[in-house]
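Two complexes come next, and they have one chain in common, subunit A, joined by subunit B in the first and subunit C in the second.
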Partner chain A sequence: MGLFLQLLTRGIITGSLYALLGVSWGIIYNTTRTFHFAHGFIYTFASYSILVFTWMSVPLIPSLLLGLFTATLAGCAVEYFAYLPMRKKSASQLSIFLTAMGIMIAGQSLIHLVFGPDSRPLEGFPEHVISLGTVTFTTVDLFTVLLCWIVIVCLFAFLGHTKAGMMIRAVSSNPEKATFIGIDSRRIFVLVFGIGSLLVGIAAFLSTIDKPATPNIGLGALLISFITVFLGGVGRLGGAVLGGIILGIAESLVIMVLPTEYKMMVIFLILFLVVLIKPEGLLGKKIA
Partner chain B sequence: MKSGKLIGLIVVCVFMISISFSFTADAKEFKFGQILAMTGSGSWYGMTMERGTGIAIEEINAAGGVKGYNFSYVVEDHKSGLTTPAQNAFRKLTSIDKVSAILSSFSAPTLSIMSMAEQKKIIVFNGGASSPKLMNIPFLHNTRMLGDEILPFTLKYLWDKGYRTMATIYANQTAPISLNDAGKKYWESLGGKVVSEQMHETGATDFTSEASVIKAKNPDIILCPSTGLDVGYVIKAVRKMGIKAPICGTEHSGDMEKVTGDASEGYLFASEFFDVNSDDPWTKTFVAAFKKKFNEDPDFYAANYYELTYILKELVTRVVDKGGDPYDGSLLEKAIWDNPKFKSIYGGYMKFKENGTCEKPVVLFEIKGGKPMVIKKRSG
Partner chain C sequence: MEYLAHTLNLAFIFVILTVSLNLILGYGGMASMAHAAFFCIGGYISAIVTMNLGCNFLIGVLTAIIATAAVGGALSAPFIKVQEEYLILFTIAFQMVVYHLMLSLYNITGGDSGIFGVPAASLFGYTADTPARFLPFMAAFLFIVYYVAFKITKSPFGRVLKGIREDEKAVSSLGKNVIKFKVIIFMVGTGIAAGAGGVFAHYTRFISPTIGSLDQSILIIAMVVLGGTANLGGSALGAFLLIIIPEVLNFLPGASDLIVPLRGFIYGALLIFFMRFRPEGLIPEYFHLRSRKRTLPGARTGKQPADDCLHFSMTSEEKMFNRTGPILEVKNLSKSFGGLRAVDNFFMSLDKGKITALVGPNGCGKTTAFNLVTGFLKPDKGQIHFAGKEITNLPAYKMPHIGIARSWQDIRIFQGMTVMDNLLLARQSQAGESVIRLFIMPWRVRREEEENIKKAFFYLSSMGLAEKGSEIARNLSYAEQKLLAIARLLATEAEILLLDEPSSGVDPNWVKQFMQIIRGLAASGKTICIVEHNLDLVRGVSDTVYFMAEGQKIAQGTAEQLMADPKLGEIYFGV
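Showing the complex of A and B:
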């Protein structure tokens, strides 16, 4: 029982981060239907931006804010300078996907070239072990869970109770009708890329205070981001949250029955089974 | 039109002349290959190994080369232990760069190229990998002590301290798997018990679930024979779970503390002892040159690849003295057995054994204050 509780706790910690990653990619995909492969690059870019500011002796919190700002700008720039012109020329989804992949690979290589392959830790966040009975976690874990859920709740509040949020939901559910009622979908697209990049920047920060950054951290984050969205259900941001939690807990608990190296296999198996049985995802709506 | 043809002709002539010059230069150059971990979780190893080779090359060429040959190398990346990039690198090095000798690292990449090396008669030296599977392979010579020779030294030390149960966690790679087997067998031969065994994915960064399982088993010690930063992430996760049992392994990469912070304090590993404070004149020269160039002391990986470059120098000298071509790998291989004793950067001489290994001084290190400190020397 002790081991189960410990692994469940680990699953919730990891799942919270996965849920944040999921909503960061989900808000972009649900609204724009762009398979934003470059999201992984934005994740890496955010980590290194925060690190660069700390190397310039800027304190941690201002470094975080500046890093998030630059990551948000980078996300908007990708939409404005790469995807938008392609959509204007009626480029196919495949062309946009290939462009996104190019940005991801080129961006990752550039970071590798500038900063080298070394691991870059983000120092300054206090880490202490906390034990509650048989369950052990750290202050970094606690902070991760709290911040992830605060950010997710804020996002849902923003989408549900602000004019901009409602416009995003309108474009997301029916872009053509949204245009008829005067919503500029292009501006909304840029906005959701900004929001998604801000959220993935927060996830990158939480990850970097725990583990050092390397130029290739983005790919894993990207994989988790879109797996959670497709698992939970495209078009439903709550689905991404559910997908993240399920993945995190499954990844952690699987160790009780299978060797740890099968973690990734289990994740893809879960996705495969869900897509096979319910192609629209756990919370997704059936399209007639 | 005429002037256009004339310009074209000049361009072609210049091109041909430049090519002929480059071929002339290549003829007096001994180029060898290196297949190292230049990217990925073990990139630190590639960086320090290449530094060692680089210093040796600079010294050899500054002294006028070897029998009219200037030394140079081409480095290729096996991406921290992947076999396909290693095999592609081998094909490139042997078919395009035409090398006859390769310095390799990591067990799986090294093993993956050896059948091709034997076929093409390319001599391969390993100064970094430690899997026991690297023994008795034609054309492969190891100047690093292999894991099954040094791991018992660490385990015996812990056994003598009174520890009796062990948990192991190791990467799904050739060396960690074979080292885990060797460690487990040795521990059980002492009378100890292995309470948990977990194989992890190479390059993973979150081992907290695995550490949770270890915690539930409450072992006296933890063995982690993984490589690169994997070891650091394992140590970090184990300490994060509040486990205080001693952790031992077979590797310590210089960038490990970037991952662990002070969690690596007390980590134990045995390895060759490259003494930077040695009185040996050659060691002193190397340490001074390394320090001058990189502003830090060399580790034993840098020392091994520095030493290997000088072993190649000696082999080229022997082959050329006999009127042979140093681009013939079989002649380089044969030259080893003319006299398998070579000057060692560790002081004195080292001797290649017929099973492809060698003997070097071994010590047990413990991380203290973020640095490996010698706590015990192996006698005999």
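Showing the complex of A and C:
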């Protein structure tokens, strides 16, 4: 029982981070239908920009804000300079995906070239162990869970109650009709890429205070982001949250019965079964 | 010498991998991110089979090909079915899982140290124990792969793939199961990759997970994109160029630590550059040139004046239906989208050899009714019977085969294909559309193809397009494209033809010509149903008119009867 509770706690911590990763990719995919493979690069980029600012002896919080700002800009730039010109040429989904993959690989390699392959820790965040009965976790974990949920709640409030949020939802449900009522979908796309990149930057920050950054951290995060979205349901951001929590908890609890190497396989198995039984995802709308 | 032979062997392996991925990515239009994983799996299978059974390496390689293709097909099919992004999702996840498993299943794969002592390839007492001695095997394998890929892509099967890349819906409206074609080309590609893995394991006598990483998969994708998608020669070029890059980088002083990221950066930058500025790759797809040569002989022999062909002869299939009265009956048909009842309790029956028109104001459910009858939408309620048999839930791709074919309001001809290929794609049950029959009965495929070219030419001439057979469809005028769409519809030889707004966007002269064509078709025994806004056309051709409003049939009769009714006029024009 003690082990179960401990693993469940760990699952909730991981799941919260996965949920944040899920919405960060999901808001982009749901709105623009771009298989944004370069999201993994933005993740790594955010991590390293925060690091670079701390190396320039900027305190942690301003470094975080500056890092998030540059990551947001980078996300917008990818949309504006790479995807948008291809959309204008009405390039296929496949070619935009291949471009995204190119950005991911080139960007990740560039970070490797500039900063080397070593792991880079982000220091300065107070870490203490907290024990509640048999369950232990750290202040970093607590902070992660809190921040993830605050950000997710803010995002949903933004989408539901602001004009910009409603415009985003209009474009994601029907881009063509959104244009008829005077919404410039190109600007909404850039905005959405900015928001998604800001969110993934926060996720990158949270994992870098926990584990040091390396040039290839982005791939794992990317993988989780889109598996979460497809698992939870395309077109429904709530689905990504649900998918994230399920993955986090499943991946943590599976340790009770299987060695850790099978973690990835369990995630894949869940995904496979969901696609087989309910291709539109757990909360998704039926695909015509 | 051995170094050169080794580099050549390595380059050949990558050419094989690139060609096989090009089948999936270039010809199938699907991104597989797991090509290296399949390659590695093939290596392990062949290594384990030959080491445990002590059999010849060929048996190991064959087992690898068959097992991997079967597993790859079974796992990918549910994902391919949903949407194109889902295959990306599946293959990345699969790639990661396989890589992790190969590292962690020590008992089977030997973990990260891999399996040593894989038996060398030998055949008839010739043992390939050095790179130079292996070269003949590698060259033979490359030749076989090229032959298979060439044969598949230039066959009727390849033609369907090309159609799928242009317009999936149009392909299924011509009676092809799009998912089946995609899964099969995926299986062929992964099977070849696995075979390459097997050959590679017997060549290096060693197999480990390092060659099966995501980076390798991405490298192969970069090779395909660089060389040119849907072009086999380009794949060889792409593979050779990208093999050379790291060799050249080796000569850079002090760059040894940086080779991996530098290579990654170059591949990534090449991908971005090519997708943006030269998406067709170094060597673009020369599809048109080849098909032009192929169709010319048929065009010369079968030349006939256009007017004779308006009288269509009864084919053997049609004789099955030489009955009169209703041939297609629709009862109680209903379909809702959310809260909107698009089609509500709709009844219709089409009489053999008659022309029926569906008219009504915009948004009255005509097109939805059409999509329900042709299987593109599933009804919530109701039945459809065709020649006495229930066909209510039959998928769209089965419709032309049983004798129901449709055209599209927005034409949906294959713009990038020749006029002749547009028609050939519409022919039903072609042996050449099966990869297996392509290889075991090539003579039958060839004979059928000649037959189909003749038939296609007949339908082309009936629309006055005989001279245009080798033209690329997008170069035709709009009116000609509309005629081509009809010729393509006829080439399915379906009994019932459903035409969606055939006269939209063309001038009155065309409409006159079209009315003549459609009357000729009905006289030859075809059953026709049109959705149409042009009331002159409706009056000119239809035997029966159904008037629809808000999803329901509200009147039925001859065109004159309905047009005399002032109430219908009000609904129609909204006054």
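By definition in this document, the second predicted complex is superposed on the first by the 287 of 288 C-alpha atoms of A that agree within 3 Å, B and C clash if a C-alpha of one lies under 4 Å from a C-alpha of the other, contacts with A are read in each partner's own complex, and residues count from 1 in each chain.
The definition used in the following text is that a residue touches a chain if its C-beta (ideal position, glycine included) is under 8 Å from a C-beta of that chain, and two chains touch if they have at least 3 such contacts.
Since the structure is predicted, the reported quantities are computational estimates derived from the model, not experimental observations.
Using the contact criterion defined above for the overlaid structures, shared-chain residue A:Lys211 touches subunit B, although it does not reach subunit C. Legend: residue contacts after superposition of the two complexes on their common chain; A:Phe35 is shown touching subunit C, with no touch to subunit B. Contacts of A:Glu251 after superposition on the shared chain: subunit B is touched, whereas subunit C is not.
By the touch criterion defined above, A:Gly2 reaches subunit B but does not reach subunit C. Of the two partner chains, subunit B and subunit C are each touched by A:Pro259. Of the two partner chains placed by the overlay, only subunit C lies in contact with A:Leu110; subunit B stays clear of it.
In the overlay built on the shared chain, the residue A:Arg120 is in contact with subunit B alone; subunit C does not reach it. More residues of subunit A lie in contact with C than with the other chain of the pair subunit B and subunit C. In the superposition on chain A, A:Val58 makes contact with neither subunit B nor subunit C.
Shared interface residues of subunit A (contacting subunit B in one complex, subunit C in the other): 112, 117, 259, 261, 264.
Contact residues of subunit A toward subunit B in the complex are 2-3, 6-7, 10, 13-14, 112, 117-121, 127, 129, 131, 136, 138, 211-212, 214, 216, 251-252, 255-256, 259-261, 263-264. Residues of subunit A touching subunit C in their complex: 35, 82, 85-86, 91-99, 101-110, 112-113, 117, 215, 219, 223, 226-227, 230, 259, 261-262, 264-265, 267-268, 271-272, 275-276, 279, 287. Subunit C makes touch with subunit A in their complex at residues 25, 29-31, 75, 78-79, 81-86, 88-90, 92-94, 96-97, 100-101, 103-104, 214, 218, 221, 225, 258, 260-265, 267-273, 275-276, 279. Taken together, the subunit B residues at the contact with subunit A in this complex read 38-41, 43-44, 172, 198-201, 204-210, 212-213, 215-216, 229, 233, 236, 239-242, 255, 258-259, 261.
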